[in-house]
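A, B and C label the chains in the order they appear, each numbered from 1.
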Amino acid sequence: MKIVTSEIRVRSATGPDVVDITPNVEEIVGNSGIETGILQATVLGSTASLTTIEYEPGVIEDLKRAVSRLAPIGVSYEHDQAWGDGNGYSHVQAALLGPSLSLAVRQGCSALGTWQQIVVINHDCKPRERHILITIIGQ
Amino acid sequence: MKIVTSEIRVRSATGPDVVDITPNVEEIVGNSGIETGILQATVLGSTASLTTIEYEPGVIEDLKRAVSRLAPIGVSYEHDQAWGDGNGYSHVQAALLGPSLSLAVRQGCSALGTWQQIVVINHDCKPRERHILITIIGQ
Amino acid sequence: MKIVTSEIRVRSATGPDVVDITPNVEEIVGNSGIETGILQATVLGSTASLTTIEYEPGVIEDLKRAVSRLAPIGVSYEHDQAWGDGNGYSHVQAALLGPSLSLAVRQGCSALGTWQQIVVINHDCKPRERHILITIIGQ
């Protein structure tokens, strides 16, 4: 059994913005030489999250709306009153979705359905470069 | 340290439908010979998710209602207008809950509370057979 | 590659209550001797969850409000009508957030942003001691 690590850096627009990182992840898995195991992805920071979705413009827009309902822009946040950051909603959205994602690795690829992509969501109130750490363990 | 893999296939009704897969998972863990480690479960496809809950009919109904509030049936989705699939809500619900679950393995069992079961949720607008990949790493 | 396990026990108030367990986790990672790998945390029981957030009183209050919107106290739950536990909302909140968290381990620490802490959320309708199992795999 072995362990392979890598890092992905992607630009993202003002949140909620959803960026497809599947090609980046698949390249890392392909280069790892690991056929069977698990892949763990961690996005650094408290205003971003990771999940999977069909990366199709319509449903991405639907996801943004649902995420915005969880913690809407334009209502009062204690965080903003204390710090004036203006990104109280960003922290809450990111905490609800979570900063990490694990997937099975099979036949040298991460296990995904046909219409399923790995995405990072920037929830912050400004554009951010997001850093995702990839760890693959297997054989 | 070693790695053991397996796959679970279960039938599910029109979403949101919640299926208990704890017996299936426990059988795999028991057969793996792994006493201490982690268990990773990945459900394939972008209209399903994994979590844990007390598998009791009342609270399962409560969970379905809460999931349906996150992305209700019967409102307009961009996904449906573009593709006519009618399952825009399914994609959004699944992305918010996430396609994977990890648990500690201790004393040859997955670590769960007394009233806690592992469930797959089918969010799709039709019955689906759902495939869950299980990976156990440990010793 | 090696595996190190430990357990954290923390007291928590009536839910939703959010407790910072970052110092506990970092001590375990530091003592593990593992520089590179993954950390898996599992909270036992069906009325608790794990995530990360900036542990700042304002945004913790914002998170509690958002969690309470997902499954409010004071509405009718099937679980409560069947069992009279009064914690239907606790089960639903915990199932939506999930009982586990994985993070990358790098340079002997769990990978977190500058303003990002690991938290356990007690969703139960009474104070609870929560047990979190930690598993670290790496080298």
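To be clear about the criterion, a contact is a pair of C-beta atoms (placed from the backbone, for glycine too) under 8 Å apart; a residue touches a chain by one contact, two chains touch by 3 or more.
Here the structure is a predicted model, which is why all the values come from computation and not from measurement.
J.: Which of line, ring, star, complete or other matches the graph of chains that touch?
T.: Graph shape, chains as nodes and touching pairs as edges: complete.
J.: When chain A meets its copy chain C, do both sides use mostly the same residue numbers (more than half shared) or mostly different ones?
T.: The interface of chain A with chain C is built from mostly unshared positions.
J.: Give, as an integer number of Å, the spacing between the C-alpha centres of chain C and chain A.
T.: 19
J.: Check each residue of chain C and list the ones that touch at least two other chains.
T.: Residues 1, 70, 96, 98, 102, 137 of chain C each touch two or more of the other chains.
J.: Help me check something: in the complex, which residues belonging to chain C touch chain B?
T.: For this pair, the touching residues of chain C are 1-3, 5, 40, 42, 44-46, 70-71, 77-83, 88, 91-92, 94-96, 98-100, 102, 133-135, 137.
J.: Which of the residues in chain C end up touching chain A in this complex?
T.: On the chain C side, the touching residues are 1, 36-38, 51-54, 56-59, 61-63, 66-67, 69-70, 96-98, 101-106, 111-116, 119, 137-139.
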